[in-house]
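The two complexes that follow have chain A in common; it is paired with chain B in the first and with chain C in the second.
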Partner chain A sequence: MEKRRKYSTRRLVCLLFILPAFLYHALVVIIPSLKTVYLSFFDWNGISEPRFTGLQNYIEMFTEDTVLPIAFKNTMVWTLIFITIPIILAIFVAVCASKVKKTSLQMFYRTVYFLPYVLSASIAGKIWSNFYNPFYGFNTLFERLGWEKLSEVLWLGDQKIALFAVAFVSNWSWWGFVMVLFISALQQIDPALYESASIDGGNSWDCFLHVTLPGIAPTLVFVISLSLMWSILSFDFIWVMTMGGPGQATEMLSTWIYKNAFVSYRAGYANAICVLQSGIVLLVFFANQKIRKKVEDIG
Partner chain B sequence: MKKTKKRITKIMMHFILLFLALFQLFPLFVLFLNSLRADVEIKKFPIGLPETPSLVNYVETWIKGGYAVAFRNSILVGACVIAIVLFAASLAAYGLAKLDIPGKAFFIAYFMMGMSFPTFLYIVPLYYNFSQFGLVNTRLSVIIIYSAGYIPFAILLIRTFLVGIPKELEEAGKIDGCGEIGVFLHITVPLLKPILATVSLIVFVWCWNEFLWSNTFLTTDSIRTVATRFYKFTSEWSKDLAKIYTAGVITLAPIIVLYLALQKSFIEGLTSGAVKG
Partner chain C sequence: MKKVISFILILALAAGMMIGCGKSEEGAADNTVVKETDSEEGTDAAEEAVQETPGEKKKLIWFTEQMDDSQYAKWMEYVVTPFNESHPDIEVEISATADYEQVLKVQLAANGGPDICNMGGPTITSEYVEGDKILDLTEYVENAGLDKKIFKWALDSCKVNGKIYSVPNSYEALMLWYNVDMFEENGWKVPETYEELKTVCEDAQDKGIIPIAFGTSDFKAINEQFVGVALCAYAGRENVKKALNGEMKWTDPVFQEAITTLNDMWQAGWINDKKSHAISQDDGYSLFYNQSAAMAMTGTWSLGTFAEQIQDFKYGAVAFPSLKDGVPPTLCMGAGGVIAINANTKYPDECFEFINFLFNNDELQAQAVSNGLQPLPYDMDESLYSSDMNEVDKEVLSTLENSQSNLESAGFVMWTYWPAETRQYMMDNIENVYLGNLTVEDYLEKTQSIFEKEFESGKLIPVS
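Right, the complex of A and B next:
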């Protein structure tokens, strides 16, 4: 009995190691998050007393708000871009780069591709906006090169193009990061597997399908879910480059939340959109945990 | 026949890799060259070598943009956040890796989730709560938010590192009569130095780059961090492209230099942190 009590006090002492981090994080992140959910049922401008309105915000979201469907659609287009283009590019380049024999050259490529990822999105985005400037930007260069059609494009001013122009910049900063993840995955694959595949008479495409792809499958699953979560929450590049414009052409869930919360002071309504957005993200997070366990079990 | 085909593929491969490398660097080259050119030159043609290279842009931008203040703010915020994160995260990581804590699985899952927790879920109430406490528009506000936000990442990174350290070392410490805290301070912390350095580096870069929170919470120039100061600067000086590009170099250069010097820690820290999430 005595021993048991001593043991449990010791365990409680051990708990002290984790409590500062846990309580601090819970206080700053989790409690306000719960408050977001709670306040999404209120009409609230951030300053005066919140007024309970039940599901009113949610009803407005799905029936009255004409911007939200556009923001949702743009977020989906953005997500679709980021779960395909950077991933395909990254896998392709990772396979090529891992074939580079010279280690220093391979390291050079890795360093350069990854570089934009460590730079601030707000700073890089603003610089790219200047490159996109129709009068003083790259259009002048296109004109000099004789590419008339390209030189007339309003990269951030044309409703049909703006979203893709921003995605292009965001991809510039993002794909190198994804590529490094795939390079590390490729390095884990047993070289003997490639040898036996080529002895069996497989060409390089067969090798890719039967050795490389299964080898990087866990990373692929992880990268897809990371890209999903990251795209749904994307904010910086869009905000600094277009602020959701022109019109509503690049409006995303995140920019619409931001405008509601901090521009038109509809904090309660913004919270309801937050709940929708984070609901999707957390769903992806838990789905990823489940799928990852499955993939690991198979592997 | 087969050999030449293989060679062509190889040349193609190298060509693509090189092209992509140039593509990644091109904007940064243009940025740097333009910082040495006069505004009129840039407006005439966006890319080119400076006619008479001069550093006059740098002097003017640095002073007019108040970047000395912005640098000081970013460094101050970064240092405070690093101190808080290292303290809380190394303790917690040690607990999760080495000690028999009740509810361990819960805490690990909690911090895993904390790492990819959506920012937008807590920004609105936090902003209005902070403004009640008079915390909005103080450096303390972003210090609190950043350190809380980066703690889960740091815990998981340090924990992974700790799991790889043999238990014998700590047990030897216990035999020598150290308590839990003594073992932690005298045996674990010294071993942790490399990973703590990596965590500090990444946390610092995040503090430097962060935009959403700082742009919302910091609204006067005297406390703005570098990224938000630059954002505002571009609207103040939108007519003067030379200044904007120069400011771009000023604000990005510290991170680029750090990255080139310590790229291994950067890449390892950022990717292993991501994989664990």
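Right, the complex of A and C next:
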């Protein structure tokens, strides 16, 4: 009985310690989120009194809005890019960098690759917009090299290329960070496992497949979930470099929300899109949680 | 020992937090006001009001768009400092930030925000009027006689439901800027008609020169410049006025032809060699500065920038050429922005006193304009401009002022007259027309359907 009471008191103390953080979280996350859902049922310009319109915003979203499907498709393409290219690249470079025995040299590589991540999106976006400028950017170099076709590409102006051009910049900024995470994960792997694998006759590929990959699996799942959620919410590089254009070639859910809320003064409708976007992120989150559990079970 | 160190650390931390949270009084006293003010803390009128104690100056926050150091210095020199000196009981402080409209929207929606607010255009004020966030200035304006001083069209554009809720803080026009030296060297005539424009553009292209510099990749709103100009220079002032007043549809053949003409101009490469959507606004202008382009499209707000950037050649600016027989070359005009008063300010009279001061100091205003600030929309005595004023600036200002006596050739800029959603659709989607994703008919049909919705909700401003 005494033990149980002690346990309850300890739990209460624990809860009390969590309470300030929870209150703060409720104030800045839970309540605004609920309010977003609530306001999605209103016609509201973001300033005046909201007017209840029921499901009208949702009906418009799924039946009238011609930009939303484009924004959704672009967001999905963007997400797909983010959960593949930077992760594969980061693992490859992390494995190579971790093989560099000289600590200072390894640190040099890590710093160089990580450096773009510390640049703000607005600065990196501006720099790359200059590189992409058809009048004095890469195209001038391509022209001098005699690569006629390549020198005529409008990196931010071609509808088929613009999204990939911006995604490339965002990846350039992001992958260094992912690489550092993988290097940390690689350092946790017991070197004896590699020795055992090589004694068993395993080559480099076998070592990677049966030692490295399982060793970094928890980090991999974490990075994938991080990439998934962040890429669905991605806004900065697109806004700085193309503002969703040309046409709607780089329109994302987040830029479409912003335009509705702040340019068209349709905050109610923007809230409805926010609910959709949050729904997608939640779905992804739960799917990812399931995968993570499976990976942990295997581990 | 550990306890002592801990105690010292806690004290230091607490002191640091207090310093961090406190506001610098020194900055306000010597007028070195923080320009990039913390938007959440630095502009709250209600908060300032609570802090006021008897005998202290009434502090007014004037919230405005982000500006560079030289602009800020000019506003301080010609407006804020003279006002503060002539009103010992009031102290106006400039607060400027990037995305100021978004910040302002959030602050006013929460019944906070600055005392005096600059806003992007008259149509935006209607959104604030709907929420009772800004004051009705009708009585103030009439009592001060500003209704007789400010150009009628400019003040009319600030009316919502017949009442004046804001006052235009500048007026501006879209113009076609051209390289005078290049025109002379090539024997080009400054274009006044579509045919003349065609001749210049085609000849320029033959010589490897970009006809009109223009870039939109980082700022899509700039697309509205060509859309507005095309509508006015092709369909004419009266037709556009009718459409804005709901008496004519945007799907009318005359508007279809106007947008088709604009599309033809883009497809022909006259507008930045069909690459306007692939480069930024600044990069567009730099093509004009480095003489890769013969002309540039921008507004009179660029006067100061052009004067600073262009040293190697003579340049000038003219109304956009007529795009159709019978329509004169068009000077699309509008309020550069408006100035309104927060409905929650504690000092509405003092706020209006400041606005009134702007319009009743001709000499200071003339000096300000001579030094690159935008003119206020009233008849300014040209003799007050400083003698060393840039010749181009003088000419452009003179064109602007002369246009007031005959508004027949004056068009409308979208950011003043178009309702928000219609405007966003038009400026975002004109690129879809250029890129072949959207037909002109579909573009204007959708424009019309959005416009009708906004028209019915009464979000339009009177066009006179």
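Here is the rule we go by: the second predicted complex is superposed on the first by the 254 of 299 C-alpha atoms of A that agree within 3 Å, B and C clash if a C-alpha of one lies under 4 Å from a C-alpha of the other, contacts with A are read in each partner's own complex, and residues count from 1 in each chain.
The rule is short, and it goes like this: a contact is a pair of C-beta atoms (placed from the backbone, for glycine too) under 8 Å apart; a residue touches a chain by one contact, two chains touch by 3 or more.
None of these values were measured; they are calculated from a predicted model.
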item	value
Fit or clash - chain C, chain B, common chain A	clash
First (chain B), second (chain C), both or neither touched by A:Thr84	neither
Which superposed partner A:Thr9 touches (first chain B, second chain C, both, neither)	neither
Partner chain(s) touched by A:Val29 [first = chain B, second = chain C, both, neither]	first
Touching partner for A:Gln188 - first (chain B), second (chain C), both, neither	neither
Partner chain in contact with A:Ala124 - chain B first, chain C second, else both or neither	first
Chain B versus chain C as contact partner of A:Gln248, first or second or both or neither	second
First, second, both or neither for A:Phe262, with chain B first and chain C second	both
Of chain B and chain C, the chain that contacts the larger number of chain A residues	B
Touched partner set for A:Gly157, first chain B, second chain C, both or neither	second
First (chain B), second (chain C), both or neither touched by A:Ser196	neither
Clash-bearing segment of chain B relative to chain C, given 7-15, 133-141, 169-177 or 205-213	133-141
Common interface residues of chain A - those touching chain B in one complex and chain C in the other	46-47, 129-130, 135, 240, 262
Residue ranges of chain A in contact with chain C within the complex	45-49, 129-130, 132-135, 154-159, 240-248, 259, 262-266
Parts of chain C lying in touch with chain A, wherever the complex brings them together	101-102, 105-106, 108-109, 124, 127-128, 130-133, 216-220, 275, 277-280, 283, 287, 292, 420-421, 424, 428-429, 431-432, 435, 437-438
Interfacial residue positions of chain A with respect to chain B in the complex	11-15, 17-18, 20-22, 24-25, 27-30, 32-33, 35-36, 39, 46-47, 93, 96-97, 99-100, 108-124, 126-131, 135-138, 140-141, 144, 172, 176-177, 180-181, 184, 219, 222, 226, 229, 233, 235-236, 239-240, 254, 257, 261-262, 267, 270-271, 274-275, 277-278, 281-282, 285
Of all residues in chain B, those that touch chain A in their complex	13-14, 16-17, 20-21, 23-25, 27-28, 30-31, 42-43, 45-47, 87-89, 91-92, 94-96, 99-102, 107, 110-111, 113-114, 116-129, 131, 144-145, 147-149, 151-152, 155, 180, 184, 205, 208-212, 215-216, 226-228, 230-231, 234, 241, 244-245, 248, 251-252, 255-256, 259-260, 263, 266-267, 270-271, 274-275, 277
